[in-house]
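Per-chain numbering from 1; labels A, B, C and D assigned in written order.
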């Protein structure tokens, strides 16, 4: 008992759209997780390595604690913490040992840190949930974590835990997109095999 | 010349300090951690201060008065130091998320969605193209949320997973190779003939501390797990 | 309700407006004023994010000063932090191109950064030893492809078993490429879905807004 | 506890020590084996050859301290190659640290160049330095260089540089090279340069990212790709200018074999354990 739960984001550079999207998706899950952690009185810790992401996460966790009337458990300097990008690696490894992390979430845009953190958390016997949409490090999250979400599932996770009907129904919309992609590929491949060039379709100037 | 030589020695010392996190929680890695965090925080502060001065304040001084707005937005971020005012900092966040999300959406429509479909429109005349088409389709359908996991979809789903796992295996292998290159890049600097003596000396020191800690069990941070 | 307007509605509306401005510029030809506004907005984002990093370092420093002042466990480490922060920050604020500043950067931060970065080589090996086992067909697929690709990339692989290079390149170019392609298509749809949810104001956690809706279970 | 279980639950530190030795030893006594050149490197090299002499080339330098030892030699070779073709180069970096290393790599290439080749700062090459804003920064740079930077890496106003007189957007360039290091930033170039401006682009990244970008290479959005130290070594071999990459590429051998050996050992022991019916 008393061992903490960590929520890690990986890379959180919000000026980069391809990193921003998974980070925002992970924020929605953070909101839910922080609330559960506050309700159960678990020690919760969120280190981040980018200023704007830090301000967002700090708001989210604070609001979650407020919603559960546990604001006294929220330490503005400790629960959510900014660490300069790069230095967070040493901090996290050292403190995973020291605090014997019991549970860890690895959601967001993950780069090389994924394997360091997951392996260290595994050594502490932590239960891990990992998920990212970066293709570079998803293998480690899949192989090492107890539970993993792959690619698009990361975006669905946030909508799913929100229990908002409209948000969940947007997932069905995404499925329509996938059916469209599959049909487009199949018809396109058949047409190309038949010798019909489709390059005009993609030369619309965009 | 002396500064370069000193730099190499300091560089290899702090590198070994960083490598000691592999051993576990220990004072050398703690010291390196705080040193590194401090320097990096100072560096981040300085470089971003320079950036804001050059690109916002400098431009306002140069007569581009619309750059007053980002300065105000930046100052709005600092209101969060007082809990009642936190909502003010939502405005800069709204700007960032709006712009970023818009860029992400438009980019993913074109280069990810359309571009990848376009790349898969291959003539079905050899095994490579067939593998490509089937793999792309099944891997995409692995992520269908609304389809029940039964009937023929079960096989589609499993073969999609197969392709994804192959991709993961390839990434695993190439990442492993890349990591070795990284260590080698670092070791090449640390084991240069002119600084190697110091590196070895420091390594021996770390080793002695570790062996002492292990044999006497006197150092509490050395926990076998 | 002006309170609600300023605190909740307006930020959401602004997010939507900025987002849509970025999107329409891309798909339709827009008057110059729109493209100019967008260029301006993008440069504002870079300034705001730089300012946010300044804020972050200040808050981190406050935390360390507090820890040192209250003599909490490990306070002496905080002194190291404060010392190095002051030295690096002061040198950098004088000039980011100052030689001493660059010396610290090139000879201390860069090596530590590189060393930390390369820690993955060690953890990847122990992780591979621990989890890379043929437990079921899924793990076996990953294991075998990983093995082949690593053999291909090592110069020694071609010396031991020359056909490994074409085999590895084929796996890398076709099945693996196809798997990632499917995943990228999914991710792009996920991004679009997320954007739609944000622009409709349904997903607003990132603004730190909590609505008193029904009890989340 | 059986001996097999003991080995399978081996302390990670022993593995780490073995890895350290396996990687350090070949640096001290290198063994050079022949290198088979990969397709992607040949494509990228041919693309570099096909750039018309004297045209403008945009180069993103993304090698940080960690990736400089592996991708740096390749970028150096690339700069050397393009300058000998009288191309005019514009460098920029989208993260702060690589701005420094890009300059190091430029200097390395300048030092190697024969004296007959013109390589003057401001005339033959310009380093714009660090561009903030990540992908948005790249988009802004591609649209209007002067809206993003007013001074180059050395603090000189870019309007004073003779080479920058005619160029202000991605339209002015004939080709781009994206030396992304491990930033994972090659897609930014594809989305913001190749997509909107049809700028042909080739690049380099670390070995681990090659599979992620292989879809882009096969779809033609990337003209070629140099992967990691092996890619750098191959560029040096193709260009026939010796550099430091080859010896380092060889040093990965023992580490890799150690890794593969461990994986094999783990699997053999695991399967014996399973056959014996132990948990």
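Just so we're on the same page, a contact is a pair of C-beta atoms (placed from the backbone, for glycine too) under 8 Å apart; a residue touches a chain by one contact, two chains touch by 3 or more.
All values reported here derive from a predicted model rather than from experimental measurement.
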| item | value |
| --- | --- |
| Among all chain pairs, the one with the most C-beta contacts | B-C |
| Centroid spacing, where centroids are CA-atom means, of chain B and chain C in whole angstrom | 6 |
| Chain A-chain D separation of Cα centroids, rounded to whole Å | 27 |
| Computed distance of Cα centres, chain B from chain A, in Å | 14 |
| Chain centre separation in whole Å, for chain D relative to chain C (CA means) | 19 |
| Set of chain D residues in contact with two or more other chains | 12, 16, 19, 23, 66, 132-133, 135-137, 139, 182, 187, 207-212, 215, 218, 249, 252, 255-256, 259 |
| Two or more partner chains touched - positions in chain C | 26-27, 42-43, 45-46, 48-57, 59-60, 105-106, 109-114, 116-122, 124-126, 128, 130, 132, 142-143, 147, 149-150, 153-154, 172-173, 176-177, 180-181, 183-187, 189, 191-192, 194-195, 198, 206-209 |
| Touching two or more other chains - residue numbers and ranges from chain A | 13-18, 21, 24, 51-52, 55-56, 58-59, 62, 83-84, 86, 90, 93, 112, 115, 119, 123, 135-136, 139-140, 143, 150-152, 156, 171, 174, 177-178, 181, 206 |
| Pairwise touch network: line, ring, star, complete, or other | complete |
| Chain D - residues contacting chain B, complex | 11-13, 16, 19, 23-24, 27-28, 66-70, 96, 130, 132, 135-136, 139, 150-151, 182, 187, 190-192, 194-195, 206-212, 215, 218-221, 227-229, 248-249, 251-252, 255-256, 259 |
| Complex contact set, residues of chain C against chain B | 6-7, 10-12, 14-23, 26-27, 40-61, 74, 77-78, 80-93, 96, 101, 103-122, 124-125, 128, 132, 138, 141-150, 152-154, 170-189, 191-192, 194-195, 198-199, 206-209 |
| Sites on chain C touched by chain A in the complex | 26-27, 45-46, 48-49, 51-57, 59-60, 62-63, 66, 109, 112-113, 116-117, 119-120, 123-124, 126-127, 130-132, 139, 142, 180, 183-187, 189-198, 200, 202-203, 205-210, 216-217 |
| Complex interface listing, chain D residues touching chain C | 10, 12, 15-16, 19-20, 23, 33-36, 38-39, 64-66, 97, 100, 132-133, 136-137, 139-140, 143-144, 147-148, 155, 182, 207, 210-212, 214-215, 218, 230, 249-250, 252-253, 255-260, 262-263, 265-267, 270-271 |
| Contacting residues of chain A [partner chain C, same complex] | 13-15, 21, 24-25, 27-28, 30-32, 35, 50-52, 54-56, 58-60, 62-64, 66-67, 77-78, 81-84, 86, 89-90, 93, 112, 115-116, 118-120, 122, 133, 135, 139-140, 143-144, 150-152, 154-156, 158-159, 162-164, 166-167, 170-171, 173-174, 177-178, 181, 206 |
